[in-house]
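Which chain is which? They are A, B, C and D, in the order written, and residues in each are numbered from 1.
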């Protein structure tokens, strides 16, 4: 399978703190790549660098063969990178429908007429058709999480970055979200996925990338990565010397 | 609730007919009142478009008021250009000024953008008051070859008021407007969803300059006399802030309600001179503390009431 | 070159006054990220308070500082504690607009009480000069402004460096949550900070009153000067404040020497605009 | 049960708007002990500490410090009562010197008079800080910053210290050193609550442990009685 996204030697610091340190990895077309790491490992920073919300201090990002390292967030979105946020950030004073419309009109570049059709399909997928005219700001957490997914889909991405879509949800709710993620994958969309409840994720991902303090720890088969010495040490602390 | 929505267009039509026949039935007082109301509502709509929707905190709207007004006066007086044509050219000149300003100030954010616009306006004030061509600080009388009648000026103001309202409505219903509303809620996220932040902001800035400059032209045709210390004064922005804050920032109806209240109050309080501004200041602060969303903002939150829906369903 | 010496000297001295005009606003910006649009008007309020004491009691303007400075502390404390703290939050506009409203109230209140006439705080220093050789004279009042300006900045610096409150203010601006965890009531601290900023504004107000004429609407003009100093000198930096003041004043006076006195302010603004365009974070700002 | 309770948390619920971060959390800390709270990211450990210190208001439930209710009090009222938080991310004041950071620790009026005495005690505990005395805090290394954060918390002469992720991002040698100091602090009779990612280290130091998952306490007991499998399960939610 060809690589849809190639990240080389990515670097980013905040003052003295090195948040992402010489990180390289690739994402294969059509796969789900899980990303794990303890608090402060730099996972969300990596997402922000990929979408352009943060500028990289060094390294390159190439998406479908194009170097996008220096492109604006909106350009990257239109190239086909969508994302969700760990703490949902809906456009609070807009309705669910309008939230999706922003993605379809600006991100996917559809006319408003075309966009409306597409959105109804997405609304069905995320089971929000009856609620489409509610203000997004007042929604309960599950709805805001699914809206995040729907909004990312509305930009018609070929790669979606999922940032903790299940965190804070109950088991039943998590299952609902997981179903949508599966649907997204079935549409042939590549996924990079951060989740701290490893159980939720380990079932669904093709490969797992573990990072800690912005550095590459291990990458490959999920089971193997989770049982690897580096990961165990990093999560549970080193065996005593 | 549904009833008011159902008859919305009827009511709006009725209001429009009433307003457009004021020169026939109204007294001078009503005429002046409505005229000022249109002009202030128009300029306030533009400040609201900038601050309430685009996140551009302009403190320099007076730059366009003065520039548009002076362009109109100079063209009419010195070159004998037809007065309404020179009003339009005044608007276009304001756009050029805005383009020039944007080279400097679009690198700044938040309050620094505000200061940048303000400094520009102050520079214009000083320049015009030191400029022989426009008779320094003494100002110019606007003397068209054939002075327009009061009802003509009234209709010009009506066109500005209604035209601005329609413009804002159309912008908000357009692709750019969709992006603006997203930007207003969360700029970062909207940018990551493909909204062109810079382009949308510049567009709004230029539209605001065009309409503010043109409206100012109409205003100075009405007032006959233009002077740098008044035309480029920060007071313009102050008034616009009051109107929009009182009416409700980030709503279409807010500037209209705010302009109505402002003109009403300033007429009532006119005889008290500066007390009127003092009272307006106190009202504005009270509203910021008690109902930061203004009259329409608070009303809409509670009842979902809108006159002109910019919502998409 | 000879002709330039006098404006350069004046510019240097005036820079000290500009610095003390700006220092309060710079401080508040550094601490709360609050841009106090009423700073100029509050400063002019100080000038008028001094004027009242001068005309009622016949004090020398210098002595009025003893009363005006503490009064202005309370004004600042209450403005922050009862108005601005209540709208402080994520969004930048509400505190700005409240300060803006306050500015209007102050201007019109002063107008109501004092009429729009230009006033000044006359002292016998006003016209005194000391010849320095050649055609250059040292204007005594400007020199006093400069000295007091430097003194205010020094005292403020020592205050922030050595007192509990001063350190707590810096701590709160470094890390608000960290400061709260130390048992610092940060809202209270902001009110103190504004009180102190207003004490400097009181000094600035009295000095401005002695040096220039003032009237109720002069506030915004000094607000822009304060902005200029803050932006040129770098946001929230005290040393930068003095340097910024001197640069702005030099630009104005040297510019006026070439272009004529009518353009003094204009050239100051142009310099400010160029700085804003080239380095929005100021010459000395890090960011 | 001869020792009295330093901290007693009962049925704590916390909401961030509509998101419930803590569910019915109860825990007890006996005076003079070290208690460890572990769990994965987002399990609510920091929320718990922030609520005890007064940064957050509980929606329901009570918090008692040595028998006195402190729930709902802001930090400037809880700190004088003897509880202090070493927050996640340290939150030292970067543009204050090391000395000034410590001075800020003794901000509450009653502590001010004894400031020099407590500072010299802090320097005894962390001699490296004495060497850095006049340096700006942001020039310190990560480990030194963490020590400063702990020393600063000690300046308020607390009876209970809450430590949030004090080993985060530090090298093992330094973590070991910091834990040694914590032990010394504890020997002076100060009660400590540890919230940690470094599970093994913190379990080793503690005499009682709570495991949190998804905002609930799912396991509690003496560290020795918890099997590795139990902890792993709770931790990864397997």
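Quick note on the criterion: a contact is a pair of C-beta atoms (placed from the backbone, for glycine too) under 8 Å apart; a residue touches a chain by one contact, two chains touch by 3 or more.
As the structure is a prediction and not an experimental result, all values here were calculated from the model.
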| item | value |
| --- | --- |
| Co-neighbours of chain B and chain A - touch as defined | none |
| Comparison of C-D and B-C (more C-beta pairs in contact) | B-C |
| Inter-chain centre distance, chain B versus chain C - centres from mean C-alpha coordinates, in Å | 32 |
| Computed distance of Cα centres, chain C from chain A, in Å | 49 |
| Inter-centroid spacing, chain D versus chain C (mean Cα positions, whole Å) | 43 |
| Rounded Å distance between chain B and chain D, as computed from the means of their C-alpha atoms | 55 |
| Residue list for chain A, restricted to those that touch at least two other chains | none |
| Each pair of chains that touches, named by its two labels | A-B, A-D, B-C, C-D |
| Chain B - residues contacting chain C, complex | 51, 57, 103-105, 107-112, 114-116, 118-120, 122-123, 126-127, 130, 234, 238, 241, 245, 249, 274-275, 277-278, 280-282, 284-285, 288-289, 292 |
| Complex contact set, residues of chain D against chain A | 18-19, 21, 40-42, 138, 165, 168-169, 172, 197-202, 204, 214, 231-232, 235-238 |
| Residue ranges of chain A touching chain B (in the complex, touch as defined) | 51-53, 72-74, 76-78, 83, 85, 89-95, 97-98, 101-103, 105-109, 112, 132-133, 151, 155 |
| Of all residues in chain D, those that touch chain C in their complex | 53, 55, 74-76, 79-80, 84-85, 87, 91-96, 100-101, 103-105, 107-108, 112, 152, 156 |
| Complex interface listing, chain C residues touching chain B | 35, 83, 86-87, 92-94, 96-98, 100-102, 104-105, 107-109, 111-112, 220, 224, 227, 231, 262-263, 265-266, 269-270, 272-273, 276-277, 280 |
